[in-house]
Amino acid sequence: MSKTTRMTVEQAIRQALREEMLRDPTVLLMGEGSATKHRDLVGDFGPERVRNTPLAEAIIAGTAVGAAASGLRPVVDLLFAPFMTYAMDALVNSAGKLRYLSGGQFEFPLVAMGLTGSGWCVGAQHNHNLEAMFVHAPGLKVVMPSTPADFKGLLKAAIRDDDPVLFFTDLALLYQEGEVPDADDFVVPIGRAAVARAGGDVTLVGYAKTVGVCLQAAEQLAAHGVAAEVIDLRSLKPLDEETVLRSVRKTGRLVVVHEASGLCGMAAELAALAATKAFSSLRAPVVRLTGPDAPTPSSWMLEQQVVPRPEAVAEAALGLMADQPVRAPGREEDHRMVENAV
Amino acid sequence: MQSTPRSPLARLETMLLIRAYEQQLVALQQNGAPGTCTSVGQEACAVGVVDALDARDRILTNHRSAGHLIARGAAPERLMAEVLGRVDGYCGGRSGSLHISARELGVVLTSTIVGGELSMAPGVALAHKMGRGAPGGIVAVFFGDGAACEGIFHEALNLAVHWALPLLFVCENNQWQAFVHRLETMADPAIGEWARGHGLPVRSVDGNDAEAVHAAATEAVAHIRATGSPYFLELRTYRQRGHYEPDDQAYVDKAELQAWLQRDPIRVQGERLIGAGAIDAPGVAALERQAQERVEAALAFAQASPWPAAETLLDHVYA
Amino acid sequence: MSKTTRMTVEQAIRQALREEMLRDPTVLLMGEGSATKHRDLVGDFGPERVRNTPLAEAIIAGTAVGAAASGLRPVVDLLFAPFMTYAMDALVNSAGKLRYLSGGQFEFPLVAMGLTGSGWCVGAQHNHNLEAMFVHAPGLKVVMPSTPADFKGLLKAAIRDDDPVLFFTDLALLYQEGEVPDADDFVVPIGRAAVARAGGDVTLVGYAKTVGVCLQAAEQLAAHGVAAEVIDLRSLKPLDEETVLRSVRKTGRLVVVHEASGLCGMAAELAALAATKAFSSLRAPVVRLTGPDAPTPSSWMLEQQVVPRPEAVAEAALGLMADQPVRAPGREEDHRMVENAV
Amino acid sequence: MQSTPRSPLARLETMLLIRAYEQQLVALQQNGAPGTCTSVGQEACAVGVVDALDARDRILTNHRSAGHLIARGAAPERLMAEVLGRVDGYCGGRSGSLHISARELGVVLTSTIVGGELSMAPGVALAHKMGRGAPGGIVAVFFGDGAACEGIFHEALNLAVHWALPLLFVCENNQWQAFVHRLETMADPAIGEWARGHGLPVRSVDGNDAEAVHAAATEAVAHIRATGSPYFLELRTYRQRGHYEPDDQAYVDKAELQAWLQRDPIRVQGERLIGAGAIDAPGVAALERQAQERVEAALAFAQASPWPAAETLLDHVYA
């Protein structure tokens, strides 16, 4: 294997941006504070390619769409995901649809970055996992890594991709460290999930911060003699159905874990996948352990409650091993389960 | 693409073609084809501005695009095929009438989302500024008085001015925003004042006078090429027909409509040219017949064009 | 039963608006062309309560939110659903979250109306079933009826509701006729599905135009001796889990049919519901028959392809009866199935 | 709610309380509490405008709201409890510092989405106009220079003007938009010009002079009450601290910061009152101590306030 360097997710993102800007002169970085935050990139690539923008998400995203269709590869930082609501027309109606409606006349090689998730006690107008909205919208790709290596490799892939990619960063991961390959040509293909831990008894699927939650749950399950397979989706769209189905067909048990609301979320999609394409292999009900269908509170005490905990994942998995029905709502931690949150 | 520079007579000819084409669409709709948003009465805006552009330049337009496309040299055959949803349309039938782009003509990223053109135009202009387009090329974005009410109008102006983008804003103020009169949505005057607040050159001209529009647009384009910075044109005109076909216009003030019909842009241009001896009435009639014949040929072509195959439904979703 | 009158969906909507404006002086109707379209209401209730607005969805929706929190009950017509992308901040971040973030200080009794669906050959920027995006967003309610009676009863309920309600009208239904109760107090409660046809063999779930599709499929199935139960969701959020689960527990077979993309759509949610809460009753894989994960084309020939057809629904249901696995992709009509569209 | 009218001395007192309160938040953050966006340096804007309002009026604010809330009479105890996420906060801890509403004080619909306050304010004003608020009441909406870049700024102005809504636009132009200087995002001047384009009265005043702000706001409020129509105030001020805590301000021009520090609004008001003999230096020092004591009491209260119970997580999602 090639050499690696230990770094944080935040450093991995910076490296990916730098490498791709070096590699391709059409790559452009824009956002509210992008130039302030990336002084070094301004220095190396000039103010034309690294821009602070006016505080106006709609025109930032729209400009990215127009530029992408005209020979540039813009990366726009939209800061916190809920601010993307201002950019929704540009992303959903323009970037996602105009290639199709024009009969393939245009390509939109752009990346729109956003922060999601709990950890900073900033409340629902900053903390909202709305990635599934973009999965539901046509013509877009959605990426949401969990390790520094994947952040680097997938951001590089997203910048090189000829389609619009939504790149979400779970802010709780920003300063998490990991080994990242040094090779310039290190790229992680969009659309491939990773088996973060192999196991034959139950499949735990997560993405972003819940991959760690599932891995901890797998440790706890191992202590009970249960071998859990943990899948890190990495890309939400296109979804790596094969990897998920292969695992579910092997284990017959599926627990999907994410922080976003489960209602029409990825957990719904994966449960549907199992129920439609791996039904005959399923030995127990699918379990969704997700954030509640509610805005996220700021209060630290309440914010803590919305992220699924390893204990709850392990408990749910054990329930499936015992082939008990999914337990009824009402227990202390149940408000974290969509079954109860709806 | 249209050959430039073109003469006032050529502009009359083009306006007649646009008119004949859209009248044909009206008839088609009455026979069950999809409705369209016609630009009848606004032809002078289209030819006046588009004739001031050249091959280096790019155009963004919206749901009311027939004039801009034909002035740019689009083939009525392929436009009509697109409206009918056939494979020979500029977008293979996927667009229909509402978002026709013709990249080969430099008409790009047409959006039927009001304001969509304004959200993307600065990006196209930025690419030109950063050397991705033809050297010296500029971008013209056509939008309506209604689009000026959308927040994106403000955001686009601020970005274009602050980033000094080679962008020509062309507001076709046709007094109507679907079924709502402009005066029900904004002060009077408003649009020019809003633009002036952004500190770019703003000019408001008679949108029913093709030569006045052309002169203003020529000056605007020269300014943009010289300075690299944006310019704002407001063209005062009128939507003679309904918002789309069919539309009984029951909500339209008949007197206002009549007053504007008196100043129909084709009539204005025709009388000007006849007055100048450049053509006579029979000559104009001949041009009208010519346009009509062209459009009938286009219709035959479009109707003969095949439907897209069902298996192609998922083509072009991704690169 | 009380008397009824035959009318179209469009007339039912007008009647609901008129009755609620008569009943409650705080009800307000605003939109681009609302006053033009509802001359009669302007005449009866005055220009203050029936307003044409500037062409600016963000401020239309934002104004509704501000007015709703201040003692009015605004109904805003946002025309075609894709235009709601401009109103996303007001709907998602303000209407959906500010009650919660303020600790319950405000209520948002507003209704936002939008048109969805195929039938007019207008293409993806007008024709986009994005209702699931609002189901995924917290704090909102989402209603999407299929009959004139339900349009009237649910719109009246939505206007009386103290929470923000997204009210979607499938444009293909606008001129469909049906019997509507005359009683002023006729209201259809939000959150209750309807069993449109009873049957014990297979459950077909649809909403909006696909309820009719399912009913036709049920007819075809009857000819094959299969008794299909057809459920009209009517409300997408809150979702009537009970009615769906009761049916699935009875039939053991579920086919979900809608025009929206299935990816993170209602079909995913319902399949997940069955896989998590009715697993032990399921006798066959769940089937999702939905519109493809693609923008909607304008061309009549292509637009036709995106709406699930009764034949496909019946065929899928028969497949389940025979307990065959869901057939593999590739057949002519398969592009209408999400399994293939992803 | 604040008792009005209040004296220049009362305004100094309130500014000192706001300052002490926010300095306390800074210290708290350094000990691990959540970061906040302080309005240090902008206290004159808050007291000057809020003192021109009365109990009939409503206020909308944003992420930088402490000054507006305290000037309106909010209890530092409950504000601090909210920042710490405790049950005694105005929003029961759900808001934290970023979207604190206090309906009982008429501070409504606070949003931390930049421009959110502008999107909702016309609706609140419309309700007042339609008789849902206290007779004669008006609505004041506070927003920043950055919010003026958002499209909703344009949409809100157009609606307020065209519908003649009783709305006071208060733009606190503090030169910064998070980590970007105003001059990097817009022309100079820009905001006032943009507003003027909408044809409503626009006035730009020194936002570091509480009495100048108060005089202008009093005139603006009188105009709105008299005409029922909107008014636009631009307050030129400066964000003395970072965008939020912590923020090393490495990106800030030291000379510009220094120049504004010389014109600190509390210092300006203090010197004015001392000059007028309304108070002496020791008197000011006493007021400072008083404010500090109040804030320390508030901190004790907030820290003693219980956390919301986990079981309440799903309360208040729906009515």
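Order as written gives the chain letters A, B, C and D; numbering starts at 1 within each chain.
In the analysis below, a contact is a pair of C-beta atoms (placed from the backbone, for glycine too) under 8 Å apart; a residue touches a chain by one contact, two chains touch by 3 or more.
Quick caveat: nothing in here was measured; it's all calculated off a predicted structure.
Averaging C-alpha coordinates per chain and comparing to subunit A, the farthest chain turns out to be B. Between subunit B and subunit C the centroid-to-centroid distance comes to 36 Å (mean Cα coordinates, whole Å).
Taking the mean of the C-alpha atoms as each chain's centre, subunit A and subunit C sit 28 Å apart.
Subunit C and subunit D have Cα centroids lying 41 Å from one another. In subunit C, the residues that reach two or more other chains under the touch definition are 53-54, 56, 58-59, 82, 85-86, 89, 93, 100-101, 123, 125, 138-139, 293-295, 297-298. Of all residues in subunit D, those touching 2 or more other chains are 92-95, 99, 111, 113, 115-116, 149-152, 155, 158, 162, 185-186, 317, listed in ascending order. Chain contacts here are complete: no pair of chains fails to touch. Remark: subunit C residues 82, 85-86, 88-89, 92-93, 96-97, 100-101, 123-125, 128, 130, 132-133, 135-139, 237-239, 241, 260-269, 271-272, 274-277, 279-280, 282, 284-288, 293-295, 297-298, 325-326, 339, 342 touch subunit A in the complex.
Those residues of subunit B whose C-beta lies close enough to touch subunit D in the complex are 149-155, 158, 161-162, 185-187, 190, 193-199. Interface residues of subunit B, counted against subunit C in their complex, comprise 34, 85-86, 92-99, 111-116, 146-147, 149-151, 177-180, 184-186, 251, 307-308, 310-314, 317. Contact residues of subunit D toward subunit C in the complex are 58, 89-95, 99, 101, 103, 108-111, 113, 115-116, 118-128, 130, 132-133, 151-152, 155-156, 158-159, 162, 315-319. Of all the residues in subunit A, the ones that touch subunit D in their complex are 32-33, 35-37, 52-59, 82-83, 85-86, 120-123, 125-126, 292-295, 297-302, 304-306, 332, 335, 341.
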